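Chain lettering (A, B, C, D, E, F, G, H, I and J) follows the sequence in which the chains are written, and residue indices restart at 1 in each chain.
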C-alpha cells in the first residue's frame, strides 16, 4: 500500500464531513490495456486523523499505469484510506467515462464499528 | 434469454452499489413498427456475482429490432439481469424519448428475499 | 368523463413506477378567457391496469378549450385517471407558466385504500 | 394588513400542495433606503380556502416602498397569508439578491394545530 | 475573536431558517503562503439573536491574510458564530477551489443542547 | 387579416431593435388535426410605427384553432406584421416542438426596399 | 435512393431557412457491426420544393441497419436530399456519440450554382 | 435629467470596452400602473470620460416609480448616458420580464460622429 | 512520429468539415513530472485523405507518459496530423485543466498553400 | 512593474492563440478599501516570447492588496504583459463580481504595429 500521510484532527469532539473530489483519476483496463478515466470522490467523517491532501494526490497517481477493474479500484481505495486514517465513516464514489456507449458509477462505504450517525 | 456473463464479486462482505448507464438503448414499438429510444440505467448491489460490462452491452443490443412496450422492456430487463447475477438489490430505470408530445419513465426494482438495506 | 383506455398490467406482482410527462397541456382561464399553459406530470404505481399512452394524449386535448382553474384541473385529472386505472398510488403535478409575474405548481395524490408503500 | 382574497377549496378532502413563485418581489432596506430584490415562494396545503392569485400579486406590491429587513418580511408574509386562508401547512421562502457580496435565503413555516402530514 | 454584531430575533416563537452565502471568501494556505478561495455558506436557526449581515462580511474579511487549513477555518467560523448568536442550530459549509487537481468541501454543524428539530 | 395595433415610434432617427418572444404559440396540424406548439420570436427595426404588445398577443391567439403548416405560419406572420408596421427590417423565427422524433425551426426575414443596415 | 416526398414552396420569392433536427439517427459501424448514434441536423433554403417531414423520418430509418462510416453517411444524406428538393442552399451536420473516448462531428454543404446569399 | 457623475478616462489612447449589467432595473407600466422588471446592460467605449458606478446606480433608481414604455426607457437611458460621458460608442440593451406570456428585448446604440471601429 | 492511418476521402470535390473531440488527453508536465489533462479538438477539411479514428486514438495515447509543455503539444499534434493527411485546413485546440488556479487554452491552425475557404 | 518570466516561442512561424483564465483575481477598491473579485482572461498571439504560467500567477498576486479601479487594473495588466512578451496581439478581459447590484466587464486589446490578422 502506498504511503498516505495524515495529520491530527483538531475537532474530534464533532462529527463533521470532509470531501475531496478528484476529476483527474486515470487507471488502465486490465483486459484491453487502454486507459480508463474517472472522477473519484472521497467523503469521510474523521476520527483522530485527517488525510493530508498532497499525499492523497500522490496516492491516486499510483493508479495511472495500473491494470484494475472499476469495481476493484473503488473498493481498494476505500480499504487503503480507511487503514490510513481510521475514520468514523467513509464513502468512495467513482464515476467512470463512457466505454462501449455505457458509463458506470461505483460507490462503496465503511462504518466504524460502534459509531452511530447523529442524523 | 440472451446470455449475460458474470464475474465473482471480490468484495461480497460489503453492500456496495454499481450503476451502468446506457443512453443508446433502442427497441421497436409493437403497434407502429417505429423505433423507440431510451436511456436505461441499471443500479444494483451485488451479492456473489457482478455483471460483465461487454456482455451487458450485447444483451441490450438484442432489443434493437424487437417489438416491445415501455413497461414490458424495463420489467423484462429486471427479470433477466436478476436471474443472471442474483443481486441483493436491483433497480432498472428507462427514460423514453418523446412520442406524441409525451415522454415517459418506467422504474422497477427487486429485493433479494431476506436482505435488509443498511440505510 | 372522456374515455381513457387501459391495458392489463403484466407485472402486477411488483410495485413499479410509471411516469408520463406532457409539456404541451393547455386550457383556458375561466376569468379572462385567455389560454393557460402547463407541464402535466402523471406518476403512478399500477395495480391491474396501465394507462394507454395515445388515449391519455387525447384525454389531455379535451382541456384545450375548457375554462378551468389551475387547482381544479390538476385534481380533476387525478379523479379521472384514478377512476380509469384504479392504481395503487397516483400523483399529478401541474407546473403552470407565468401569469402576472407569478408561476404556479399544483400537486395532488391518491393512495389506494389498504396499499402500503414498500419504501 | 392588506386585503387578500380567497375562494373555497373544492377538494378539502385531500391534502394537496399549491406553490406560487414570485421572482419580482422588491422592498426597501430600512438602513440604506435602497431597494432589495427577492424571489418569494409561497407553498401551502389548503384547508377550506385557497388564495386568489391576483390579490396575492397586489399584496406583494405593498412591499415595494416599505422599509423592512429580510427576516421580518418573510415572517410577516407568513403571518398575513396564514391569517387570510387558515391553511393546514404553509412555508414562505425568500431568496434575496447579493448585497455586499453575500446573498441570503430566509425560510419559515406554519403547521395548523392538530394537522398531521400524510408523508 | 473579531466582533460580530447581532440584533434581536423578533420571531423567536418559531424555528425558521436563515442562510447567508459568501462566494468571496479567501484565506492563505499556511504551507505555501498562496491564497485559497472558497464559498462559505452559513445556515442557522436563530434563538434570541440574529447575525447582522454587515458585521458578518467584516468578520469574513479577517481571514484574507490569515494562514489557516480548510478543516480549521470552517470549524473556527462555526465556533465564532455560535458564540456570537447562540443559535438553536448552525451549519457551516466551505467549498474550496481546486488545488493540485482536487477540490474540497468541509461541513460542520452545531446543535443547541436540548433543542429538538421539528422535522 | 386580424387587426394589429401600432403606436408611433418616437425614436425614428435611429435604427434600433425590438424583440418579442412568445413561447406559448399553438396552432393545429392540417393533416392530423392535432395541436402544434412553438416559440415564435419577432425581431424588427421599426420605421415610423411600433407594434403594440397586447394586440400582438391577440393576433397570435388567432392561430390556436387554425390548421396550418410550420413553413406557412412563419411566413404568414411575417407578411401580416410587415403590413401592420412597415418596418425597416423584420425577422420571424418559429421553433416547433418535436413531432415524430424531429424538431423544426423556420426563419424568414424582410428588408424594407432601400434600407441599408448600419452594421 | 429511398423516396423523399416534397411539396411546393409557397414563398419561393424569399430566401428563408428551414431546419429539421433528428436526435434519433442510428446506423451500423461497417468495421465492428455495432450501432452508431447521431443527431442529424438538416438546414436548407428551399427553392421550388420543401421536404415533407414524415417521408424525411422514413428516409432516415433506412440507415438503421446499414453499415456506413460517419463521413459517408453525412455526405450521402446531402446528395440524396439535394436531389430530392433541389434547394438554393443545404447543410447537413452529424454529431456522433462517443466511440473509443472520442466524439465526432461531420458537416457538409451544397450551394445551388448561381445562387448568392443575401447575407 | 438626473445627475450622472463621470471621471477622466486615463487610457483615452485606446478603444476599450466597459460593460455594466444591472439585473435590478424596475419601472412602472404607464397603462396598468403595475411594475415592470428588466436587466439593463450598458456597453460603451469611453472617449475622455468614464461613468462613475455609484451615480449610475442612483440614476437607474430614478425609474423605480416612473411610468414609461419599454421602447422609451431604453432610448432615454441611451440619450442621458451619451450626454453624460460623450462616448465613442454606446449600446443599451433592456431585457424585460414576461408580460402576457411574451418577454421583450430592446437594443439601441450610438456612434460618435467620425469615430471608426477598429474591428 | 507515431503512425497515423488514413483512408481515401470519397468526397474530395467538396470542402467539408470533420471534428474529433478527445476529452481524455493526458501528458506529463516537464517541470514537475505531474500529469496534465486536456480536451483536444481536431477540426479539419480533408483533401485526398481522412484520418482513421482508431489510429488517432492510439496516436494521442503516445503522449500519456511524455513530458511536454501545453504550447508544444498542441503545435506538435498539428504538425504530425498535417503530415499524415495533408488537409486543406486544420485546427487543433487544447483546453487544459486548472493548474495553480489558472486554466489554459491553446489553438493553432494550418492552411494548405493555395487553398481558399468558400466562406 | 513586477517581474514576468518568458520563454522562447518555438513556433514563431505561425499565428497561434494562447489563453490563460484566472478566476481567482482579487484587488482592493480604492474608495471603500473592500476587496473586489474578478475573472481575468489573458488571450494573446505570441511573437518571439511566451509568458511563463507560474510567474503570471505571482504577477496577479501583486494586486491582492492594491487599491485600483476596474478600468485601471485591466489596462495596467495589458501594458505590463505587452511589455513583458511583446506579442503580435493581446486582449485582457476582466469580469468583476456584483457591487451595488451591478456587475461589470472591462476588455482592452493591443495590436503589434504592422501585424495583420490572418482572419
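To be clear about the criterion, a residue touches a chain if its C-beta (ideal position, glycine included) is under 8 Å from a C-beta of that chain, and two chains touch if they have at least 3 such contacts.
These numbers come from a predicted model, not from an experiment.
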Q: Using the touch definition from the top, list the chains contacting both subunit F and subunit H.
A: C
Q. When the Cα trace of subunit D is superposed on that of subunit H, what is the rotation angle, expressed as a multiple of 5 degrees?
A. 180
Q. At the place where copies subunit I and subunit J touch, is the share of residue numbers found on both sides over half (same) or under half (different)?
A. different
Q. Measuring from the mean C-alpha position of subunit D to the mean C-alpha position of subunit E, what distance in angstrom results?
A. 27
**Q.** Whole-Å gap separating subunit F and subunit I, where each centre is the average of the chain's CA atoms
**A.** 44
Q. Counting in whole Å, what is the centre-to-centre distance of subunit B and subunit J, each centre being its mean C-alpha position?
A. 52
Q. What are the residue numbers in subunit H that touch two or more other chains?
A. 23-24, 37, 97, 101
Q) What chain-chain pairs meet the touch criterion? A) A-B, A-E, A-G, A-I, B-C, B-F, B-G, C-D, C-F, C-H, D-E, D-H, D-J, E-I, E-J, F-G, F-H, G-I, H-J, I-J
(Q) Which stretch or stretches of subunit E touch subunit A in the complex? (A) 71-72, 74-75, 99-109, 111
Q | Complex contacts: residues of subunit F adjacent to subunit H | A | 9-11, 14, 16-24, 50, 53-54, 56-57, 118
(Q) Per the contact definition, I'd like the list of subunit B residues that touch subunit G in the complex. (A) 23-24, 26, 34-35, 37, 61, 64-65, 97
Q.
Using the touch definition from the top, list the residues of subunit J that touch subunit D in their complex.
A. 37, 97-98, 101
